[in-house]
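First the structure, in the form of structure tokens, and then the observations on it.
Chain lettering (A, B, C, D and E) follows the sequence in which the chains are written, and residue indices restart at 1 in each chain.
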Amino acid sequence: MDHFPYLSVLTFTPLIGAILILFFDRESKTAMRWVALSFMLLDFIISMVMYFHFDPTYDGMQFSENVVWVKDWGISYKLGIDGISLFLVMLTTLLGPIVILASWSDIQRRVKEFLVALLILQVGMLGVFASLDLFLFYVFWEVMLIPMYLLIGVWGNPARRLYAAIKFVLYTIVGSLLMLVAILALYLMAGRETGVYTFDLLALYNYAAPVNAQFWMFLAFFLAFAIKVPMFPFHTWLPDAHTEAPTVGSVVLAAVLLKMGTYGFIRFAIPLFPLASQQLTWVVLTLSVIGIVYGAWVAMVQLDVKRLVAYSSVSHLGFVMLGMFAMNMQGVQGSILQMINHGLSTGALFLIVGMIYERRHTRLIAEFGGISKVMPVFAVLFMIFTLSSIGLPGLNGFVGEFLILVGTFKVYPWYAVVAASGVIFAAVYMLWMFQRVMFGEITNSKNLGLKDLNSREVLVLFPLLIFVVWIGVYPNTFLKPMEPSVAKFIKQVNERREAAIHAGKPTFPVTAQVLAPSSAPAVSQKSPNQE
Amino acid sequence: MTPIQLPDINIWGILPALIPGLAGMVIMCVGLFMKKRVLGASMIIAIAAVFLSVIANGGMPTEPKTYFSGLFVLDSFTWFFNLLILLATGLTIPVAGRYLHEEGLEQFEFFVLLLFSACGMMFMIAGGHLLMIFLGLETLSIAIYVLTGYLPRSAVSKEAALKYVILGGFSSAVFMYGVALIYGTVGSASLPAILQAFQAGKPGITGMAGMLLMLVGFGFKTAIVPFHMWTPDVYEGAPTPLTGYMSVAVKAAAFGAFIRVFLGALPSMYPAWSQVLWVISVATMILGNFAALRQTNIKRMLAYSSIAHAGYILIGMIAGNKMGTAGMLYYLLAYTFTNLGAFAVVALVGSKGEANTYLDDYRGLGRNHPIIAMTLSLFLFSLAGIPPTAGFVGKFMVFRAALEAGYVWLVVIAALTSAASVFYYFRVIMKMYMEEPVQMPQRLQFGPGALIVLLITACTVLYIGILPTTYINMSLQSVQLFH
Amino acid sequence: MEAVIFYALAVFTLVSATLVVTLHRPIHNVLFMVLTMIGLAGLFVLLRAEFIAMVQLVVYAGAIMVLFLFVIMLLNLDEPIVEREDAQSRRSWFGVAIAVYLFFLLAAVMLYVYPAPYENVSYPGLTNTQIIAKELFTTYLLPFEVASILLLAAIVGAVVLAKKVTRRVGPGADGPAL
Amino acid sequence: MSELVWLIPVFPFLGFLINGLLGKSFSEKLIGVIAAGAVGASFVVAVLIFLELLGMPPEARSIQVEVFRWISSGTLQVPIAFLVDPLSAIMLLVVSGVGCVIHIYSIGYMHGEYGFRRFFCYLNLFVFAMLILVTANNFLLMFVGWEGVGLCSYLLIGYYYEKQSAADAGKKAFVVNRIGDFGFLLGMFLIYVNFGTLNFTEVFAAAPETLAFGGTLVTGITLLLFVGATGKSAQIPLFTWLPDAMEGPTPVSALIHAATMVTAGVYMVSRCSILYALAPTSMTVVAVIGGLTAFFAATIGITQFDIKRVLAYSTISQLGFMFLACGVGAFASGIFHLMTHAFFKALLFLSAGSVMHAMSGELDMRKMGALKPHLPYTHATYLIGTLAIAGIPPLSGFFSKDEILFNAFTVNPGFWAIGAIAAIMTSFYMFRSVFMTFYGKSRVDPETAHHVHESPKLMTVPLMILAFLAAVGGFVGIPFAHLNKFDEWLAPVFAPAREIITHGAHGGHHSVTLEVTLMFVSVAIAVTGLLLAWWMYIKDTEVPERFIAENPTLHSVVYNKYWVDELYDILFVNSIVDFSRFLWKSFDEKIIDGAVNGTGSLARGLGGILSRLQTGMVKDYAMSILAGIVVLIGYLVFSLR
Amino acid sequence: MITLQHYLVLSTALFCLGVIGVMFRRNLIIILISLELMLNSVNLAFVAFSRFIGNIEGQIFVLFIMVVAAAEVSVGLAIAVAVFKRQGTINVNDVNIMKW
């Protein structure tokens, strides 16, 4: 490591902020907010600097850092990003200051803890995107869980926050613990076969596990990530978590946390288990397509704006999964781009819902109507993000969805056809919601006195707006740096799939025994790497 | 008549174990003559004894040595457990001192018995002969029985002691019956002899029955299903610092002896006992975790959690490889700090007369005592096995070992039950942070000692969770002789 | 002749032991326990363990059992506990059944015992008591010493448990009893 | 000049940005000038480009200008690039020209409305999108315009968002359009997958080799694209949104729902003429749908009383004519009719708007009558429009419609027949509207009657411009010999398609006699309709009521638009909503969440059972240990025995 | 000829009688006596083994078991006294505040 450790600094800057805030008096709320904001901004600036140092033509990991952590086990503190993770990192850092700003007046209770939780959450998310060691990844993955739990549980909606919080945690932890087992299994099998015990992701990419084992391990990873994505039918935690979480929680959850699942697939599940992921592609595609249509339909009949947006996430992320498993340039690029897009537009939508919730303390669609009249600026922004969410050309959502659908259509036309119908339903539920909230006459007298957005709120949405338009108009800024990494990803996975097929590895006789037969090993058996 | 040839007496070797016993006697003498501040004095002596003992324990011995005609084995394994027991004792003493003071029990006997039990544990761990192990076990048991019933005005404390003594006696008898059978079929009760005889396959079915009966004895002390039934009641009824002590030190010592006997002397029977332990481990994890879901008393909840953890630790034993055994040691180390910390908080929050031991008493603790709540959360995360805490590394090690040995389903079950465990651990956090306090609980009485204990345990839980290498290597070296 | 003595003692012991667990007045239980121990002492003699037999009579039957009697008298516990029919007592019968079953299992195991080979005459010219003494103070010196700590713990423990609540000082003195 | 084609869409977009971002404090006049000026600038550029094209040899009249690479992903390369050729030049002129006129009209019409600025922003945005649509050089960019105009249509229909019906109509338009877009999108995917590009020129050049004549693939592509066209151009079965779209301000109806946007489908089909030529089945489908729509919408038009709705159904019907033209291979005729239709239908709508303006927003023709003296200019322009649409020579509609009918006859007299019937009805209902509005007895509310006044100059001048165009617009396409400059102009674009059609089907050269004969029939048709209307609404006004009384069922079916909306509601809207509700309440909450919560309860239940084992009785605990021992020893005994 | 098996079966019988006592009786004193009975049966087994394998270790064990028994009895009885003082009964079935 002969360069400035960008990624470590990037990842742990918020932690410093968190520690600093711990020393503040709990009553000096504004000061703490400023500290948090400045650390988040600093983080964003660092990421911008990093972006300008990023070599968009190189297909490997950049800004790599590698420090041995637990030597005997092959665990290292290894960070690095490529075109795939670059923009997810940027998205995370972009949202950092935004969420702090967005919570400025929203959160008045236990501000100190709130800011600390947000900052630690930021550390976890950045760590997940940057880590290239399975162990490290798992650590960050779990670290993320706790602040999110607190965000939902402490600052959530009084009614059902506890239920939603614990549901979120349990759902996630079931998946991630099974993933831990699979990580260990992979580590051991690779170590046993190659003689090198390591959690290094890039090294494990080169190990081809037996098909049976791949199947089970992929399934474990699949479960963990599918829950996080969330894919149908593992999605039911999401509406609850979104609805009960405070605005900022929903924003982070939607914009970044859900991407952990999809990112997990692209970074871990597919390249580590190329054959299993190929064999199970149809399962993933089917669930994605069901998710797209199902999410849209259920979103259509929601009574609560946040729930509606939550279900729309299920639908949108179905697209992401679909494109990824198409395994061609358009599909995968579209999928990554759509991750960003979803982060921007759904994040913005949650912010918008939060702004109106702050004014009216309800999110029921029926309570609103005719808001356009009293809040014209709000109406315009709301409209733009709604359109972005339904994939209007010229805004970001379209580019992603189009690439995904093209990519999918090339290889799985029927899936693409069904998925494309989701585009129709997206228009239905979003516009219907928009109409019921914003149009019509003001029937509820409480809505008459609503104030339009203040400058802080506009400032919160403005960066998102810029990117929404930018990606829509000139997506190449984002597609170009991705391209080499995506090409490499596709090439590697396909090569390994072909290699496995040429090697005559059988297709699935599915049995439970993955590792060595459990005929009891002699007690004195030495583990290979502990001499 | 031939003159008696004394055996190879080596006081230095047994010094770490001897010091607590001697210190106990010193406290008795001092206590008899002091009228005031007897509690503080005995506390200081006890802590000094622990420090002395740690010094006497020294660095990790490279070669195993035996003293007293093979009855006392001083090796890295002994060393590790000595350290563990001393740590547990040392960390319990300040908490107990604060607790006893609050309860108005200004007496020295608590520390005497505590030190005697530590002494018994260390002799048990070092035992190279079943007789030593039995005597050590009984010494610690007798002391712990008494300590359980130590609270003079508490009915539950007496009840716990009663249950413990009956069941403990019962299991001791069973254990001794097993020892008798082993002795009879091997011709000796020394561990090397047992190792040889079993490798030669001589003891036959009777010897194996002896082995299983011993397993019952160890199973009782380590609180594994179905020998766990005493645990919730005794943990609930015992004075809180003692509960913490029991859950780590006694469990650790029992596991140590368990490992020494089963891996040190009976490895040839691994196929038989590992199958038995597989079933037991699964049952233990399931029962411990699921029963804990319904608890309203935090001590009882932690008791069930401690049962569950015994199940996880057993996984390392079932794996039967070096990583597994080392994993057990590491797990015990992590668990020692974690659980002692947790019980220290429980003792603090419990206040006088253990008035606040229900989960509902923790409502709003995050608001009223943020530091305490934060440390308790940390311990709970560690118990739940969430990185980057020590508990995670422990689980990671035993899981890894079991997978290495091919026990996939065992690990999957362990993972799923541990997911269930998250529910009840997080429920405490929920109570602390997410529920409004019904009434402000009375100011908690902190003592500097208890705070230092919290600080040490919390920092260590994080430290060995983030930088575990040294401790992993330490535990790996400690189990060198079994593999 | 040996057989006759064995069977006589065995029957005597078993009957006494059965009475120990069945009789209802604690005094009777203790007395029959003493008888059981006497039977066992006889068996020990039969097994050439004269010293153990002696200790059995003197310490066990003589001292420990007297402790029981002492407590019974002290607390005036001789009244039998009224037996109630409840769920627990029904479950007790189940426990008895399991215990009986355990007997058969263990007996089966015992019948297949392969004892360790006989070590002939390791201590020429010493009596049983001498051998024990020699062993106890050489090979088993450490357990002998540890046993002292054990007994000390028991003594301290008995004192702690049985003594009245004494010094009521400190902050908890006026708190309510649990 | 043509390399500056990107200026054409940019001007309106600038207008949109200036008004949208900075226009908060602008006066109405300034806003109007900026907006209309922007479109006018586009028009000027379009004219310049048109002139430049005119100066080129016909083969060279196809210029592509790439601005920048938009999406670049592997083999998918989509630029923002424009195609200037005769077809797009015509469309540019029509869109920017008519657009400009309507902008000017709107300044007067919208005077004093709440959201004046918003209106012009949307309108400029619309023109921008529409210009993108017609100048795009690839399918994806066209799709951008396609969706963009849909969006603006949504926004403008819902302009009076406080009105529930307006908001509903906007949403309906967007969603129905999206259904069409779904087809467009799929067609586009098929094209990309098979051609590897989305560029028009490349696709069309490669089409004859790549696609088998009449093959499934090309049929699939064209039909899917046509689904898109039916959505945008309000053809059966996706026409229901257009009548509702009349909720928008009248200039919107004129610009979007008559002159430009709704013709996008026709433009797209014509643009893809070569693909359609390769797929005879699709051609037939297009023709049949076009003919049916023309007929069907006309029948509804007869019964309506709302003047704008009459015009709306007439639009649908005329669009049907255009598709009929495309379907029979007469793409140039389709575009010709598109152009003339843009003139006279915009004129009609704007005139209707003028009427409405005068009548304080009244739209019901039953409450009009005898307005001619009050609204002389409006009456004149409306009448010209009606004459044009009815096909009275020598107004523009006559030439274009006649050409379509003639071409239809050459392919299949059945198509001609249906077209002819639709034409009679067109003539009838249009004159019906004229008579009901401007002639006969006045049925105006006394109160409104006071305020009836002619519109300001700002509105009447645009009317006159359009009237002029509607009157003379047809002369560019006089269907004789070499007078048909229009066909000639478009020939380079449609030549490959024509070649395939004439080559593949009957390559008969049409006779002039037949053409002349049919022309007279057309005139007769138009006049018949006129007379019928005169008889029923001027001479004997009792006839309609008698007719209704005699055929109540028929009337009610037609009057209620065949209950198509209601049918769709039942079939699609309600069933999907109900099903979704079922999915949410029953599947999501009961089954999935039920399973999740059930697992939780199960765990709790198990926990309850397990902790109840802890009875508190020490002897039960001992029994547990004992049981453990027995199991262990039993296992030993029985496993070894 | 009396073999080792005889003694062992007798010892087993005594052991199980002790177990029955623990299972069946509810008087704490009698339960403690039953535990003594179990330990005595262990002693018998040790002595028998000691005799039949000619090894003195078993008898040493017996001595220590007696020590332990004494200790356990003293503590057990002390607890019995304490419980009786507090609750007025030594019926173990009545001592069940803590459960579940």
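Here is the rule we use: a contact is a pair of C-beta atoms (placed from the backbone, for glycine too) under 8 Å apart; a residue touches a chain by one contact, two chains touch by 3 or more.
No experiment lies behind these values; they were computed from the predicted model shown.
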Neighbouring chains common to subunit B and subunit E, by label: C, D
Interface with the most contact pairs, given as the two chains involved: C-E
Euclidean distance of C-alpha centroids - subunit C vs subunit E, Å: 5
Interchain centroid distance [CA atoms averaged], subunit A/subunit C, Å: 67
Length of the line joining the C-alpha centres of subunit B and subunit C, rounded to whole Å: 28
Length of the line joining the C-alpha centres of subunit A and subunit B, rounded to whole Å: 42
Numbers and ranges of subunit C residues touching at least 2 other chains: 88, 92, 95, 98-99, 102, 106, 109-110, 113, 115-117, 119, 140, 143, 147, 150, 153-154, 157-158, 161
For subunit E, residues contacting two or more additional chains: 4, 15, 18-19, 22-23, 26, 32, 48-49, 52-53, 55, 57, 60, 64, 68, 71-72, 75, 78-80, 82, 92-93, 95-100
Subunit D, residues touching no fewer than two other chains: 611, 614-620, 622-623, 626-627, 629, 633, 636-637
Full enumeration of touching chain pairs: A-B, A-D, B-C, B-D, B-E, C-D, C-E, D-E
Subunit D residues within the subunit E interface of the complex: 611-612, 614-619, 622-623, 626
In the complex with subunit A, residue positions of subunit B that touch it: 263, 267, 270-271, 274-275, 320-323, 366-367, 370, 381, 386-388, 392, 396, 399-401, 403-409, 411-412, 415-416, 418-419, 422-423, 426-427, 429-430, 433-435, 468-469, 472-473, 476, 482-483
Subunit D residues touching subunit B - in the complex, by the definition given at the top: 603-604, 606-608, 610-611, 613-614, 616, 618, 620-622, 624-625, 627-629, 632-633, 635-637, 640
Subunit E to subunit D touching residues, read off their complex: 19, 22-23, 26, 92-93, 95-100
Complex interface listing, subunit D residues touching subunit A: 68-76, 140, 143-144, 147-148, 151, 154, 158, 161-164, 167-168, 170-171, 174-175, 178-179, 181-182, 185-186, 189-190, 192-193, 576-577, 579-581, 583-584, 588, 592-593, 596, 600
